[in-house]
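There are two complexes below, and they share chain A, which is joined by chain B in the first and by chain C in the second.
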Partner chain A sequence: MGRKLVKQPLFTIVYLSFVLMIVAPIVYTIGTAFFSEKIGVELTQAFQGRTIFLLLKSSLIAAIIAFFSTIIGTFLGFLLYKTKIPFQGFFKVSLLIPLLISPYIFAVAWKDIFLFFFRDSTILPSYLTCILVMIIVFSPLAMLITGSAFMHINKQFEESALMVTSFRKMILKVILPLIKPSLISSFVLIFIFSISEFSVPALFGVKVFTTEIFTQFSAFYNHSMAILQSLLLILICVFLLYAERKHLADLPFLSIGSKGSSSKIYVLKKGEFFSLSFLFLWLSVSMIFPVTILFIQSFKNGVGAFIQAFDLMMPTFIDSIALSFVAALLIVFVGFVAAFSASNKPDLRMGKSFNYLLLFVFAVPSTILGISLIKFYNQPGLEMIYTTYAIILIAFVGKFSFIAAKIIGDALKGYPKSLDEAARIAGATFSIRIRKILIPMILPVLFLAFMVAFIFSLGDLGTSIMLYPPGTELMPIKVFTIMANAPQDLINSMTLIVFLTTLILIIGLYMIAKLMIRKYNCAYD
Partner chain B sequence: MTSISCHKQSNEVVVYTSVDQLFSEPILKAFERESGIKVRAIYDTEETKSTGVLNRLLAEKENPQCDVFWSGDPMRVIVLKNEDISAPFHSDIADDISQVYKDADGYWIGFSARARVLIYNKKVLNEVDVPQSIFDLSNEKYKGNFAIANPLFGTTTFHFAALFSSLGNEKAKQFLADLKNNDVVIATSNGDVKKRVMNGEIACGLTDTDDAFEAMKESDEVGMLFLDQKGMGSLIMPNTVSLIANAPHIANAKRLMNYILSKETEAKLAVSCAQMPLHKGVKTPEGISSLDHIVPMEIDYDRSSIKLEEIQKYLKEWVEN
Partner chain C sequence: MIELKNIYHSYGSEAVLTDLSLQLEAQKIHCLLGSSGSGKTTILRLIAGLEVPQKGMVSNGGITLTGDAEILIPADRRKIGFVFQDLALWPHLSVYKNIAFGLEEQKADRIKEKVFEILHHFDLEEFAGKYPHQLSGGQQQLVAIARSLVLKPDVLLMDEPLANLDVKLKRKMLAHIKKLKQDFNLTMIYVTHDHREAFSIADRVIVLNDGRIEAMGSLDEIKKSENEFVKYFLEY
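Coming up: the complex of A and B.
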C-alpha cells in the first residue's frame, strides 16, 4: 500500500491534510468528552430513556419530512423532466429557489404569512407547521435528484412497457423501480438535513434532539454532554449514508445535462391544466408567498429600511462572496480527488476511507465542528489560521466536501473508461488525460458541485458564527446579529438583500459557466 | 478579503459582545475614531442565545484571543468568573456606580441598565386590566393570553433566578406552577414576545426595556409597564464589561473598558436603545425611564447566578412538561 501511496502524491497530500486538519480535531474533541470527570453520569444521562425517546421522535419527524418531500419532489420532477409542459424552464429554475433561502428565514416568512392572512402566526399546531415548512424547503432537493434520474431513463424500457400495459402501470412497474436509487438517496439526504436542522424547530417551539443538544451547549455550557448526545445523531447519519452508499454503490445519484439522454417525453393532454395548476400552486407556496411577504414588509414604510439594510450589508458582500468562492473551489477540488480515487483506484483502501471520512465530518453537527476547530487551532503559532478566514475555509471544506464528492463520484461512474484507456495507449500522460479528456467530460458536473458548495458556504451560519475572526463580517452572521432588536422592515429588507444577492450570483455564475463550458468543449471538439 | 492576515498588532483590541450589533457597533466605532485603536469585534445576540461568544470564550480558555467581553446582562460574566476566564479590573470611571451593580472582586462592572417590564397590546387589553404585578399573570383573566421567553436562555433565565433568590424556592416554584396552569405561552425569545404582543396575538408579555421601546417605536398599540412598583420592584439588569484573563492587548483593553463605562457611552445607549444610565447626572432623552423613578428589585447578582445554576434543571423540566 505504501508504494501505491507514493504513486499517488496528490491524493496522499489531500487525504493526509484532510485527516490532520479536519478529522483529527473532531476526533480529539469527541475523545476528550469521554475523559470528562463526570463521564459516568453524563453517559447515563445521554443514553437515558428520555433522550432515546426524543431521538426516536426526531427521527419520526425527519422521516415524515423526507417521505413527503420525496413524494412531492418526485411528482414535480416527473412533470418538469418527463413531460412537455408550458413554462417548463421557468418552473425548473424558480422551484429550486427555496434551496437558496436559509430554512430559518423561510420559517420566519411563513409565520408572517399566517399572521398576514389569519392574524395568528400559531393557527396551525407547531409540529404541523414545522413539518410543512421543512417539506417546502426540502422538496426542491428531491425534485433535483429524481429529475436527474427521470432524464436518464432509457426510452426503450418505457416504450416496450407501453406496448403491453397502461401508462399508470408503466409508471408503477417500470419508471418508479428504475428511479428507486434516486428515491432512496433523496429520502436519506433529506432525512439527514431534517434531523440535523435546529433553527426551524426552535422557531416553532418544537422540541427535537437538536434543540436538546443546543440546550446543553447554550444553557448549561455542558460541552461534553452535548458532544455525547451529538454522537447519537452522528451515528444515525453515518449509518444511513453508509447503508445508502452500500446499497446504491454503482448507481447514479445526481447528474446534469441531457447530453446522450434518450428518455421519453410525454405530452400531457387532459392532465395539463391540473399539472400546471399544481406547479403554480407549489410555486406560490414555496416562493411567491414568502418572497412577496418579504417585499411587502420591507417596503411598508417606504424605501428607508431597504436603504439602511443595504448600508448595513455593504461591508459583508466582498468578504462573503470571495470566501464562498474560494471555499467552493477547494471543496470541488477535495471532492474531485476523493471521488476520483474511489472510482479509479478501487483497490486503494485509503480512497474508500477518504469518502467515509468525508461522510463522517458531514454528519458532525456544526457546533461540534466549530468547537473542535477552535480547540485545535487556537494555539500559539497557528494564528495565521485561527485569526483569519482560513479557519472558516477549513470548516467549509470539512462540512461540504462530502456533497461535492458524491455529485462528482456519480458522474465519474458514468465516465467511459475506454476513453481513458485509449488515450493511455496512445501515450497521453496522466495529467493530459485528466485535463483534456476527463475534465471536459464532467465539466457541467464540476460546475454543479461548485454551485452547491458555493450556495451552502454563502448561507452557512451554524459553523461560521462559532469561527468568524474578530473584526470581520459575513452576510448571514450580520443578518442574525442585527435581527434581534431591529425593526421588522429592516430585518425583512436584509433578508431580501441576502436572497437577491444569492440569486444574482447564481444566475451570473451560471451564465459564466455556460460560456466557459461551451468554449472548453469547442476547444477540445 | 481584507482580513486574511495575521492580527497580532499591538494597536488593536479584541472585544466579544452579546449586545445587539445595532447598538454596540456605533460605540465601538466611536472609540476607534477617538483613540486610534483598531477594534476587532465579534457580535452575538440574545436571539441566537449567545451561543457564539460565550462558547467561544470557554473554548478559547487556554489561549485567549479576546480582550474585553461586553455582555448585555450580568449572568454570562459570572459564568466566566467561575471558569477563571475573566480577570479583576478596577475602573475609576465607574466609582460613582452603585456597588450593587459591580462584582465585589472586580470581575465585572455594570453600567447602562435594562429592566424587565410588561408590554401589552392596547387594543387587546384595556388600560384598567393591565397587570400591575408579575403575580397577576396567574390570574384566570390572562389565561393563555400572555407570554414569556424560554427561561432557559437570555434575560428570562436571570429574571427567574432573581425570583427564586428573592421569593425562596417554594414560593417561586408555586408561582411557576400557577403560570403553567394559566397556560403561559413560552416564546422562543424576548423578540418573539415583542412580536406576538405587537401583532395582537397575545395581550401581554414579559420582556426587556429595549425590546419594549423598540415595540413602542414600531407600533402605537403597544404600552409598557414596570411591574410590582408597590411591591418587590422590577428586575434591573446592567450591561457589564469584563477583562479577559491573559488578554493579548491588556492596555488597550483597559482603555476600551473605561470608554465603555463612561457617562458618554451611557448617554448614547440611552438614546439608541433606551438603556437607563447608572452614573449620576447623565442626560437621557424624554420618555426614557430613570432608575430614580423605578423601584428596583433588591437582589444580589452573584447570589442569583448561583441560584441560576441550582434551578436550571428544574426550569428545563418546567419548560418541557
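Coming up: the complex of A and C.
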C-alpha cells in the first residue's frame, strides 16, 4: 500500500498544499526576521536577560501546570477507568467538559468567583489564579491520556503482582511504571498547550511569553522582534514534541470504546466514599462552581444584560459554527492523509516528513502562526485569503491537524494489515480499499478527531485574534474585544452564552459519537 | 505447478529466506511445517504476491508471477485465495457482503447466486445477514474460506487458519479443509507449526527451519527422515 502512496496524486497535493500554505509562511517570516536591517540590535534585544527571564518564567508556569494537571488527571483517570464507581459515565463525560470549553471562559468565571465572594477579583496573586484555571482546563487531557493507558494494561501484569504484593505496592511498582510513557506524554502536551496559551494569562494580566509576543506585534508593530523572541519558545516546544514522538509514538493516545481492553477493574470498598467525594469536589471546582457564578452574575440585574448579550452574540453563531465545521472537516482530512502516509511505510520520506511538519506547526505559538500568515498573505493577489475567513481556516488546519493525525494514527496502528491484504487479493484497488474497507472501519475515530478539531476551532482565540478580517465576527473574539469596556454582567452573559452554545454542540456531537462507538464496539467484539 | 527459485527475502537487515527453491505440485495439499520465524508465512505471502522477494522468481504453471524483485502479476490476478491467520473478515460487512466483495470488485455477474452457492456449500446460508462477531469461531473460519473460494482460485493458501480453535473443532475443520481439494479442484498450501495437523491433511510436507528446507516429501518420507532437526521437531 505504501509504495502506491507516491502514485496517489491526492497525497502529494495535500502535502504540498500544507507546505506551501502553512509551513512556507512560517519559514518565510522567521527568515525575514533574520534578514531585517536591524537584525544585530534586535537579536541582542531579543535574547537579553529580560527575555530569557520571561521565557524561564513562562516555562516554569507551564511546567507547574503540566505537573499538577498530570497528577490530578492520573488520579481521575484511575478512578474512572480502573475502578467500579457509581456515576462513572456521568463523571467521565462531565469532567471532560473543561477541556472542550475555551479556557478564557473559565478565566472570566474565576474572576467572577473572587469578585462575588471577596468583592475583589485580584484577591489571589494573578499567577496563582492563572495556574489554577489552566490546571482545571488541562487536567481532563491528562485524564484522557492516562485513562487510555490504564485501559490497555494487561490484567495479568496486575494479577501476577497481586499474588506477591499489596494493592498499594502493585500500583506503585507495576501500574505506574507501565503508564510512565503516558504520564510523560501528558506532561509534554499540557506543557506545550500551557506555554502557548494566550487568553488566560492575558485576562489575568500575567506577563508571559505569548502575551509579550502579542504586545510586540500589536502595540509596537515590531514583527521581527516578536518572531526572534519566539524562536526559543519554538525550539523548546519542537524539542519536547520530537522527544515525545520519538520515544512514545507507539502509545495509545486517545482510545475509544473498550476494544482490546483486558484491563483489571477494581471495586473500591472503603475508598469509595473518599473517591466519590474527590470526584464531586473536582467537578464542583472545575464546572459547577464557575458555571453557577456565571449564571448568578449574568442575571444579578435581571435579564436585560443577557438579552443584550444574546443580541450581540447572535451574528457570531452561524459564522463560528460554520467556520469550525469546515475547519474540522479539513483538519480530519489532512490528519488522515498524514497519519495514513506515516503508518503504511515508516520509511517513506513523505509520510514521515509530513508528520514532522505537523508537529513543527503545532509547536509554533499561535501568535507567531498568526503573524506569519498575515505577513505571507497580505500581498497583492492574495486578498481572497487575507480578507476572508480563509486565513483563519488555514491557521486552524495548521494548528490542529497534528492532534487529528495523532488520534487517527493510533487507530491505524490497530488496523490489521491482513484486512487490507484480503481486499487486495479480492481485486480491490487502492482507492476502493480506502473507501470501502479502511474508512468505514475507522469512522468512529474519524468522528472523534472531527469532534476534537471542531471544539478546538470553535474556542480558539490565540490565532483568530491575530487574523480575524474586518467586518467578521466570531464568538471568542466578540467576547474578548468587548471585555475591556463592557459592564461585568454583560461580559458574564456573553461568556455564559458561549459556554452554553459550546456545551449544546458538545452534547449533540457526543450523542452521535456514542451511537457510532456502540456500533463500532459491537462490530469488533 | 508452483515454483519458487533461488528466493532471497529479508525484513530490514534480517534475512528470512536465503536461496530457497521449492516446487509444489498442482492439486495436492502441501503443508509448510516449521516453528515461528522459520519463513513459512513469508513463502505464502511471496506466492500470494503480498511480498516481493529481493532475489529470485515465483511462477505458477510456467507463468512468472514475480521476478527480478518485481511483481509481474499482482495479487488479485493470480487466481489465488488466501485464508489469513486472523481470518481478516471485515467487521463492518455482513457475511454476504464479505463474500460478495471480491465478486463486486471483479465485476462478476450473478453475484447473489454465486454467494449463496458458496454459502450453501458450507451450510452458512442462514448467516448471510450476520456480522462476523455474531458467528462462532468455526463459522468465522468457514466464512473466511468461503470468501477465498468464491472467486474460484486455482490455489488456496492457508496461514495457520485453525490456530485459535479448540481440539474438537480443529479436527472437524481439518476434515472440511481436506475435502476442499476435491470439491474445488485446488492446489492447497497450508502453513502450520503443528505436525499432527500437517500429517492429518497433507499430501506432501515441507519442513522448514531458519529459512531453509530441512526435509520435503510424502508423509512416510518425512516420518522416516534421518534429518536431526526433523526428528527433533516431530518429537520422535
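Some notes on this structure:
Keep in mind that, in the parts below, the second predicted complex is superposed on the first by the 497 of 525 C-alpha atoms of A that agree within 3 Å, B and C clash if a C-alpha of one lies under 4 Å from a C-alpha of the other, contacts with A are read in each partner's own complex, and residues count from 1 in each chain.
Please note the rule applied: a contact is a pair of C-beta atoms (placed from the backbone, for glycine too) under 8 Å apart; a residue touches a chain by one contact, two chains touch by 3 or more.
In this text, all values refer to a predicted model and were calculated from it rather than measured experimentally.
Put chain B and chain C next to each other and count what each touches on chain A; the higher total goes to B. Once chain A of one complex is fitted onto chain A of the other, the partner contacts of A:L203 are limited to chain B, with no touch recorded for chain C.
By the touch criterion stated above, A:T122 is placed in contact with chain B alone, chain C being left untouched. Once chain A of one complex is fitted onto chain A of the other, the partner contacts of A:I318 are limited to chain B, with no touch recorded for chain C.
Contacts of A:F220 after superposition: chain B is touched, whereas chain C is not reached.
Look at A:P487: by the touch rule set out above, it reaches chain B but stays clear of chain C.
Applying the stated contact rule after C-alpha superposition, one finds that A:M466 touches chain B and leaves chain C untouched. Shared-chain residue A:T51: touches no atom of chain B or chain C. Residues 1-8, 14-16, 20-23, 38-52, 54-56, 58-60, 62-63, 65-66, 79, 152-153, 157, 186-189, 191, 195-196, 199-201, 210-211, 214, 217-218, 273, 312, 316, 320 of chain B are the ones that touch chain A when the two sit in their complex.
Within the complex formed with chain A, the residues of chain C that make contact are 48, 50, 75-77, 80-82, 84-86, 88, 90-92, 101-102, 105-106, 131-133, 147-148, 151. On chain A, the positions that touch chain C within their shared complex are 416, 418-419, 421-429, 432, 436-437, 440-441, 522-525.
The touching residues of chain A, when paired with chain B in their complex, are 115, 119-122, 202-203, 205, 207, 214-215, 217-221, 223, 318-319, 322-323, 326, 367, 370-371, 374-375, 378-380, 383-384, 386-390, 465-466, 468-472, 477-478, 480-488.
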